[in-house]
Every structure is written in structure tokens, then in C-alpha cells.
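Note that the chains take the letters A, B, C and D in the order they are written out, and that residue 1 is the start of every chain.
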Amino acid sequence: MTIDIGIVGGTGYTGVELLRLLAQHPSVRVRAITSRKDAGTKVADMFPSLRRRYDGLAFVEPDAARLADCALVFFATPHGVAMAQARELVAAGTRIVDLAADFRLKDPALFERWYKMPHACPDLLAQSVYGLPEVNREAIRGARIVGNPGCYPTAVQLGFLPLLEAGVVDTRHLIADCKSGVSGAGRKAEVNLLFAEASDNFAAYGVRGHRHHPEIAQGLALAAGGPVGLVFTPHLTPAIRGIYATLYAPLVCPDTDLQALYEKRYAGEPFVDVMPPGSAPDTRSVRASNMLRIAVHRPAGTDLAMILVVEDNLVKGAAGQAIQNMNLMFGWPETAGLDALPVLP
Amino acid sequence: MTIDIGIVGGTGYTGVELLRLLAQHPSVRVRAITSRKDAGTKVADMFPSLRRRYDGLAFVEPDAARLADCALVFFATPHGVAMAQARELVAAGTRIVDLAADFRLKDPALFERWYKMPHACPDLLAQSVYGLPEVNREAIRGARIVGNPGCYPTAVQLGFLPLLEAGVVDTRHLIADCKSGVSGAGRKAEVNLLFAEASDNFAAYGVRGHRHHPEIAQGLALAAGGPVGLVFTPHLTPAIRGIYATLYAPLVCPDTDLQALYEKRYAGEPFVDVMPPGSAPDTRSVRASNMLRIAVHRPAGTDLAMILVVEDNLVKGAAGQAIQNMNLMFGWPETAGLDALPVLP
Amino acid sequence: MTIDIGIVGGTGYTGVELLRLLAQHPSVRVRAITSRKDAGTKVADMFPSLRRRYDGLAFVEPDAARLADCALVFFATPHGVAMAQARELVAAGTRIVDLAADFRLKDPALFERWYKMPHACPDLLAQSVYGLPEVNREAIRGARIVGNPGCYPTAVQLGFLPLLEAGVVDTRHLIADCKSGVSGAGRKAEVNLLFAEASDNFAAYGVRGHRHHPEIAQGLALAAGGPVGLVFTPHLTPAIRGIYATLYAPLVCPDTDLQALYEKRYAGEPFVDVMPPGSAPDTRSVRASNMLRIAVHRPAGTDLAMILVVEDNLVKGAAGQAIQNMNLMFGWPETAGLDALPVLP
Amino acid sequence: MTIDIGIVGGTGYTGVELLRLLAQHPSVRVRAITSRKDAGTKVADMFPSLRRRYDGLAFVEPDAARLADCALVFFATPHGVAMAQARELVAAGTRIVDLAADFRLKDPALFERWYKMPHACPDLLAQSVYGLPEVNREAIRGARIVGNPGCYPTAVQLGFLPLLEAGVVDTRHLIADCKSGVSGAGRKAEVNLLFAEASDNFAAYGVRGHRHHPEIAQGLALAAGGPVGLVFTPHLTPAIRGIYATLYAPLVCPDTDLQALYEKRYAGEPFVDVMPPGSAPDTRSVRASNMLRIAVHRPAGTDLAMILVVEDNLVKGAAGQAIQNMNLMFGWPETAGLDALPVLP
């Protein structure tokens, strides 16, 4: 059986990545993709990589898309769009995976503070599920609305969770020193994202505060059973894809076998790979795939845990995780459409 | 039905690319992969991108590989290796696709001049088939040995062929100005391929002669029905993957409808995409895929044809084309294992 | 003695490059730099690389700049700005170097056709000098207005000129296959220039016609003593800086000693380096410097000259050449401020 | 007055960088440059960027170099070379700046443990000066042997020093999360440094221990007046040049005005630029220059100091600092030869 899928806002990187990955999925058909600005343009004219597979698909006006006829709609839009359309779609029985932030923060006040807009549907927010399968797998299966995690939050939470759940670190002093490829900023014409600016360069950004901080802190607090102290420092690295999270946490139980802790926590997870002791993962080892890899370290002479995490920000950090959530929602194998190996070199 | 496959020399980029692509193939199992130097090492330890899919596969000594038990062996080796082992394998009924140059040049003397070694089996060379499916599809089906084309030769031949077959250009003055990503040089520790040397840089190389020149000239001469005059200028561009061929040929029949000529020539080809008039293809539109794209131009004020060709040097220019050839040899759908969309961005 | 310099439009790459290079110049002081949009901003706040040297310099409104008090004004602006202000400045005795195209094409009709605006001062255009010192050195010394050549035109003209002046090639069939780093497109927020678009990619562009074509053709025609046939194909390569021109011309006098021809033509030129026979220059060998390097080739088995040219598009292709022109205009050593070695790696 | 300089081992990146920078220096002449492997090769044939300035300079055998006739010799060699030649040169009155590690660690046992060789001249080591001008300026002036700091140690020490000297942080829990461009690994033919491996990638390395750890710890301990606890995590980022150090330290005096502390500490320093509050420096803002920039932060909701430091690993992290040390040793202006602005873009 094949179900119909809709994509709202398909002109960005998460949109084209959804199309790339869904083309490998055995059970879905992309029925409609919307773009107000580019209505009428064929997707394969904007993204020639899609030629031969999506030759019949063109962007349509949101109103013309009849999204309510779809079994599921992905929102690959700026923040604020999904929550405006959610009530109508849910009423029609359409399920939603929002790749933006509308359904990530459980506290509407927190959402408003960081995203500078009131939340349009706090009641739906309360019912929605945060789409991190490694934490919320069962809830996702039954969810009508899934808030797909941000790219940094996926890596940082999966990196810290085993430590917090086991209660072996001082949760007041967590540091997440993170590095992201440039596609994480989206397909936006901004000077600082130009090749001639971002290439052969490296810099921290968002040093006065980044929207992924409250999202990460929310997830860590749930795992820790109380608020955590977190420094989150994002940096821009001259790569197209990839997130690298270097995490530091002071151990309160220095005798813990961290390697065993992580291997046990993620045993059976199809998309979390705990690497052997001593490993230093690299981002290309997950490029274009939904796999996330973790290496666990204890720097010599310290009482710190150092956790290294890599993911592809557009796959496990966005479109791939969205499809993983869809697979759970429809009872398909969790890996459906997501089993391609990383592209190396 | 699943057949057993062997790979000789799997520690380079074409080897790991074969493993990546074969993992998506419905009808094959990699039975053995050889490396004298790295025997005993797990492939997933050398290439962590293969973890979770090839955890049981390790490099073995060539002698231990029992390659003759395989239905097909890919040689992803330096030049000279395949021809040394071909006779024994063919005698055992094993079919061969050589990704090196041993079975590309039909004239053993030409091989010896460019590769500085005598050909080990001229009789087998005579029986072997040059593995360019768009030219030799039927012969490939029945071949015991396929010489898989070089990366530049694939792009340049497919770019020029329609012009030569139609007899509409002056074949004495063909120019192929080509640009390649750095992976085309292989996974070799050479100073000029270092990131700090090749990045933020651009240069021609091989200006005194390149081994792909005779291979290209051989194919063009067959299409033209006689020798051609060819300038082939390879350049190194700071990208990992991708070949860009900018081809110039003087038209002798200026009224020719070039666009129609190309569309007709490649109609039905699963991996050649003739783009609409006015297009400028980019290498990322084929990244990690077996598709090759062509755009046809007539520069204003000239009697020249200008043909733009892009391919991924490791896929259509190497491992993907090898699998396409295997599919033909075993009567499988030509696109089996090769239907993933390009990775963009 | 120190003279006062003005820069109009200093927020782009040629503007910041002028500031970088002028800081090393012994005889000038930047008195004013204008930007309507960023008036009030310190240049070192926009470009932190300028901190500690230009801490007192801020962008001012054009009207406030009192440019007529400067001995020379550089226009690092979009096309059309310099010609609108030229008459007033020239009347005040201020000399002008325009880094845009207003004073490059001698034929106002040609300018209008390619730049879609009428020329504001054809009389000044007639008096202006095309600022290619290797061709117009004496005229530049006395010029009031210099039209600084484009980046591609500098490389292509200096590459072809010796052949044309000597009359040894068929001028109807010239091919310039050119590759440029991304900074050549300017500091403009455009999607196709984003790191995530331009990195790990290669493509031709401007395939329907590029504004540098008439500029190149104008210079070549002057050297050849009549119109030339020229194909000019620009490509974008994932490097910040650098132009690589691969030039092809059919020899009509195949016995010509091309190496000697070039060495003689450019003997004594401070910024043209004719490399030894067999060389393949790379763009990094001129990075951040005003040097242009040329290698001369005769591909085997052909009657073609193949000329390889490298320059830094922002230096010899823009700001450096502008300073070289200024040095000539003021009787200073031609290399003043331009003697730093290229940055490698 | 011009003095004669010798360079031992000039075929790596620090060697060519010394030549680039020394070409701008008013008071030195490179008399000899040695390379056993490349004796007889002109430096400009190996590095065409040096053409026109060093056309007469060729690598010579160490014995033929008559280094003892030079006033100063730079060692741009692997570890172990300088200490083997130091005694003879010092005896001859020649002064030494070693860009390798032979004279960095004051404890010979520590040197032996990390560099796997005994120290050849502990007595000279005891007299040598660690060449960090911002700490040891006066001692450097009189030094016969200067151990030039490593690239990471320069950035990390200058970043932490004001905090340690002021005693405002808990020195048991210092974290240095560092990122380096690929040139930091040197001009060595290693697979992991290839463009096709290091490009579009990001990874930690040296996770089991890095030789710069004891060097950093030594300097921090001196400033702190006792041993410090330090985690040092180096990462490789796909840039040619640049080091980015993100430093974390727990404040014990949360009321400290960190910005004022840093501005005061580095007031008057020609090559340390304390940026305004809220800044996020980028590596390109120091590319090819000897400037190091620092930004001081207090992440919200924490009692941490977060210090961001950028430098060019080949300049302030190697060759530039070596020249700065030479300037001190000979009583020249500290900025002689080092006043070029960073190259941006």
C-alpha cells in the first residue's frame, strides 16, 4: 500500500532532502509540494538532481495542494507556518511532522520568548510528541503531530542522555561545543553564508544565545529529572553537511563504565552507532545517511566524560529523522527508505 | 537469486564505492575482498561509513579469497593486476570487470607505450569488451571480461559521440577541456593531493600527455570511422567528486539541430540525461549517482558545437558504471542498485 | 609626499582589497570611503581584518566625502556609478580609476547593449584609457580617467596578446575556457554563491553570453588589427580567489618559437611571469598578489597553441591592477605597495 | 644594516612561510636554506609563489650551508634536529630560533616521554627561552636559543593567561576545545590529510593525547603558580590555515570584569587584539597575518568564562612568531616584516 504525502515549503534544503530520501521509500508517493513564491516551477527545474524521478512534480500554491487529502504532511518551512495550518489538517485526519520549531518546546511561553511570536495552538502543542525516536518511540507511533527535533538538539541530546539517565554526571556543568556545516543555516541568501565568506574560515556564532539552547535544555532536564546547567556553543565549519558535537560533563561516579553504559542504552537502535573505545568519528562517516555515531572518552587526568557525536544535519538532524518518525507513525519498518550507506569520500 | 561477488583491491576509492553501491543491489553478495597490505583488517574499520552493513567483511590475502568461486570479480586495483589474474578466473568461469586500464586499449602496443608494461594476455584483450553501455550494450551482455572505461573517457566520449556518429563536425580539431575533483587521483598519499595544496587552488596537470588521451581517441575514432585530432586538457578542481567536460568541435554542417541529435541518440538511456537547451549542468547535480548529464550549445557568432558534460567520477566514471556493466552481464535490470538520487546539497 | 585617496563603494571585495593593499603603499592616505547604505559604520567593524590599521576610518555618505579634495578616487562600485560622478571630479582635477565597466568599452553603443544603460559621458569615455599597463602603459601615465580591466579580460588578453601581435594564429577561432573563484562574483547575497551551493561543485555559467566577452574581443581586435572570433566560457570553481584561463588558438605559423615570443613580449614586465616550458601554473601561486603567470604549450599532434594563465581575480584582476595604474599615473615605482609575495599554502 | 639568516629544513609549510614573510623584512637576507633530500633544487621551483624574489636561492646540503656564518638560524625541521646542531652554532655565536619542539618543554624527561627521544643538550635547554613574547619579551631579547611555541599552545596560552594570572578561575577544570586548519599537520603525504579525505569533513584527533598538551600545561602552570587540570581536544577543520580555540574556565570570582582584565593585560601588544564585547572572531580575520584576536564571553546562566581565540597557525602560530622573536633578539621594531594586513576574503 502506498500513502500520499504532502510537503509544505519544499524549496529549502530540508525539502529537497525529503524528496531525495522519499524517492527510495517503498510506501509513499509525494502528492503535493507547496511554495507560494515558486508555484508553477517544476521541482526538477529548481533542483536538477531530481530530474528523471520527479519530472511530473511542480510546486503549487498552498491552497491548491489539498493537503487534507494526504495521509501525512511534512512542514519544511520557517517557524510559525505549521502551527497555523495544524488544526485544519489534524481535523481532517492528516498527520503532521513539523521540521521547524513550532512543536519542539513544550512551554508556549518559552516558544514565544525565543521565536518572537505567540504560539497559535497551545492545545495541539500539548498533544504533540517530540520526535526523537530514541526517547519517545512509543509516543511517536500514536502521535498526530510530531515536532521534529533540531539538528544540534538531536546530536547533543543523544550524546548526553545516557549520562543523565544514569545519574553519573554533575548536571550543573554541561558543555556542548558544537560545529555545523553551512547547510544547517538553510538555503538563504545571506552574505555570511557565501562561499567566499564561509570557506577557509571557522567561527563561533550565536554567542549571545541560540534557539536550540532551550530545546536541548528541555530534553536534558527530562532525562535528568530536573533543570540542567548547559553551555552550548555553535560554530560554523566550512563543510556542506555534518554536525560534530564535543560534549563535556563532570563525572560524579568516576568508576562508571561509560562504554558499557552507552552500548547498553543504544543496543538495538537502528540509527545510533556506539563506536569502539578510542574512536574519533568524523562527519563524513555519516554523510547523506541517517546514522548518528558516538564515541565515549575519559580524558586522561580528569574526572570528565567527553562524548563525541556526529550526524548529518540534513538527515538524522532533519529530513531523515522526519521519515524515521513517519515510519513509526505508520507502522512501517523504522529503516524504510533510510538504509543507504553514507557517501564517502 | 543472489550471486557471489569478489573485489580485488578494495582499499581505494573505487573499492569503497563498489561496497557502498553493492549494498543497495538486490541480487549480489560480496563474498570476498582482497588486499595484500591490509589483510585481516575489517573493511568497516578502514571505512567507518560501512559500519553496520559490512561488519563481517574483512580484507583477505588474494590467495585466500577463492575468487574463482565467485560469479564475477571486480578489479579495483592499479593497472596490471587484472590481466595477471584474468586467465585463471576466466578458465574457472568467473566473469571480470576491470576498473583499471588493462582491458581498455585494444592495441597492446599502445597499452605498453602508455602504461610501461607489456600486456600479459593479448588474446583475452581481443575478446574483452570496452564497457561503455551506451556504445557496446549488446556485446557487454555476453562478455567474459569487461574493461571499464576511465572517468574522463566516459564523459568525453559520451559528449562527443553523437557529433561524430552523425558526421557533423570536423574531427581533426576536437578540444576537451576537462576538470576533475580530487578523488579522481585515487586514495594515494601524494603531496600535491593534500588538502592544504589542492584546496583554494586550480590547475591543469598532465600537460605533457595523459593516459586517458589514447583511450578517448580510440573511442572517438571508432565513432568517426577514422582517426581524430584531439586536445585533452585535464585540470584539478577543489571538489571531492565530479568531472566537468567542456567540449568544443567545429561544425561542418552548421544547420544541424544539435539538441534533437542528442535527444534522439540518448533516448531511452537510463543514465544519460540530455538537458533542455540553454542549460549549464553542475557536478553536484550528479553527485554520488550514476547519472551523466549533457547540455548542448552553439556559442553565438561561431560555427562551434560546445558540449557540457557532468558525471560523478567515482560512479558513472568508475564503480557505478562497473555495476551497470554487471547488470547487463547477468541480465538484471540495468538500473539495479543504481537508482539512488544525487546528493544535493 | 603622501596623497589623499578616496574610495567610492567600499563594502565589496574590491573595496576591502584596495584597503588591504593601500595599507602597504608608501605614498597614499585613504581620506574617505563612501557607502550610502553603511554610512557611519567603521570599516573595521564590517571587516575585522582591518582592525588596528583603519580604526579611524568609517563609511560616509557620498556627499559628505568631499571626493574632489582627493588626488585620486577609486570606484569600487556597481556599473554606472563612476560615469555619473566623473565629470565633476575631473573638473576638480581629481583623477579616477574605475574598477567597474563604465570606462572599459570604447563604443558607447556596445556598453549600452551589454550593461542596459546609456553611457552618461561619451566624451570622457573617449578620453579615458583602458588600464592594462602591459598594453597602455604610456597612455595610463597621463590619463585622467582609467577604466580598470575586468578580471577575465586581464587574464585572457595578456594570454593571447603575444600571439595576436605576432600574427601567428588564426584569429577567427580563439577559445578561452576560463575558471574563476567565487569572489569574482562579488560580495552579493545570492543563493547560487552560497557555500552549500558552490562548494564541492563545478559549473559553467553565463553560457548565453557574458559581459566580459565584448571587453576581451575589443582588446584582442586591437592587437590583431581586426575583429576576432572568440568563444569565452566562464566556469565557477570552488575557490575563493583565482582565475585560470586555458586558451586555445590555431597556429598559422607552426614553426614559431612560442616560448621565446612570450618571454620577449613580457621581458621587464614587473607583474607578468612567463614560466619555463612545460609548466602548469596553479592559482595559489599568485594568491593575494598582483603577479600573473603564463605557461606556453603546444599540445602534441596538433597545430594549436595552448596558453595557461593564472591571476588573482581581486588583485591583478581588480584592486592590484588599479593600484598599478595609480602608480603609473603618479610617477611612482610601478610595484609600490604591490610587492608582497603570494600566500601559499 | 642587513644580517644573514639561515633556514634549516625549508621544504615544509613553515619554511616557505618564513621565506614569504622574510621577503618583506627590511633587515635580513636569507643566506642559506638547507634540505638534504632536495639539495640542488631552487626554492622557486618547489614553490612557484617565490618566483621573481628568490630566483637565486637553492636548497643546499646542511654541511655546505656554513650556517655558523649566519647571525641567526631558523630550524623549520622535524623535532630533534635543532638540538643536535645547537651546540656548534651557539659556540660560533649564531643565534637560534627553533620552530620545532626541542626547546619548548623545560623538563627533559617530559620531552623524552612525549617525543620518544632523549634530549641532546639539557644544559642548552636550561638556558633557552620559550618564545612567547607576550610572556617572555625581555628574556627573548637576550636569548641565544629560542624555542618557538607550537600553534595550539600560542592560542591556548594567550587565551587563558589573563584569567590565570589574575587568579579568577578554578585552574583544575580548564577546557580547550580547539580546531585547526589542515596546514597545521605539515606538508606530509598522509592519506588522512588528502583533500578527498579532509574536505567536507570534521573530526577530533589525538584523542588519546597530543604533544601540545604538556607544552600548554607548562605555560599555564607558570601563570597559575601551580599545576592545572586541562582538557585539550584538537579537531581538524577543512580550512588551509587558522586555529580556533574555544576555552572554558569556571570563574571563582564571578564579579570580575573580564573584558577589562583582557584589555589591560594586552594593552600595547602589537599582535594581540582584544575584540569588543560580544564579538565572535573568525579565523579569516587573521589569515596570513601575525595578529591573534581574542573575544571574552560569559555564557548566560553560568559561572564560566568562555574565551574565543583565533590565529593563523603558520604565522602567529609558527613563522610569524619566529620572526617576532628575531626582531626582539636583534633590537628591531617588533613588527618589522609583520605588518601586512590579513587576506580577506
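One rule holds in what follows: a contact is a pair of C-beta atoms (placed from the backbone, for glycine too) under 8 Å apart; a residue touches a chain by one contact, two chains touch by 3 or more.
A quick note: this is a predicted structure, and the numbers were derived from the prediction, not measured.
Asker: If you take the chains that touch subunit C and keep only those that also touch subunit D, what is left?
Answerer: Chains that touch both subunit C and subunit D, as defined above, are A, B.
Asker: Of the pairs B-D and A-B, which shows more C-beta pairs in contact?
Answerer: Greater number of contacting C-beta pairs: A-B.
Asker: Whole-Å distance, subunit B centre to subunit D centre, using C-alpha means?
Answerer: From the centre of subunit B to the centre of subunit D is 45 Å.
Asker: So what's the Cα centroid distance for subunit B and subunit C, whole Å?
Answerer: Chain centroid spacing, subunit B to subunit C, equals 39 Å.
Asker: Between subunit A and subunit B, tell me the centre distance in angstrom, where each centre is the average of that chain's C-alpha atoms.
Answerer: 36
Asker: Would you please write down the residue numbers of subunit D that are in contact with two or more other chains?
Answerer: Residue numbers touching two or more other chains: 13, 181, 183, 187, 196-197, 199-200, 238, 240-241, 281-282, 284, 287, 345.
Asker: Which residues of subunit A touch subunit C once you look at their complex with the stated criterion?
Answerer: It is residues 13, 181-183, 185, 187-191, 193-200, 238-240 of subunit A that touch subunit C.
Asker: Note which residues of subunit D are touching subunit A in the complex, please.
Answerer: Residues of subunit D touching subunit A: 173, 175, 177, 179, 181, 196-197, 199-205, 207-209, 229, 231, 233, 235, 237-242, 244, 246, 248, 250, 278, 280-284, 287, 295, 297, 299-302, 304, 306, 308, 310, 345.
Asker: Please output the residues of subunit C touching subunit D within their complex, sorted ascending.
Answerer: Going by the criterion above, the answer is residues 13, 16, 19-20, 23-24, 47-53, 183, 187, 199-200, 240-241, 273, 275, 279, 281-282, 284-289, 291, 293, 314, 339-345.
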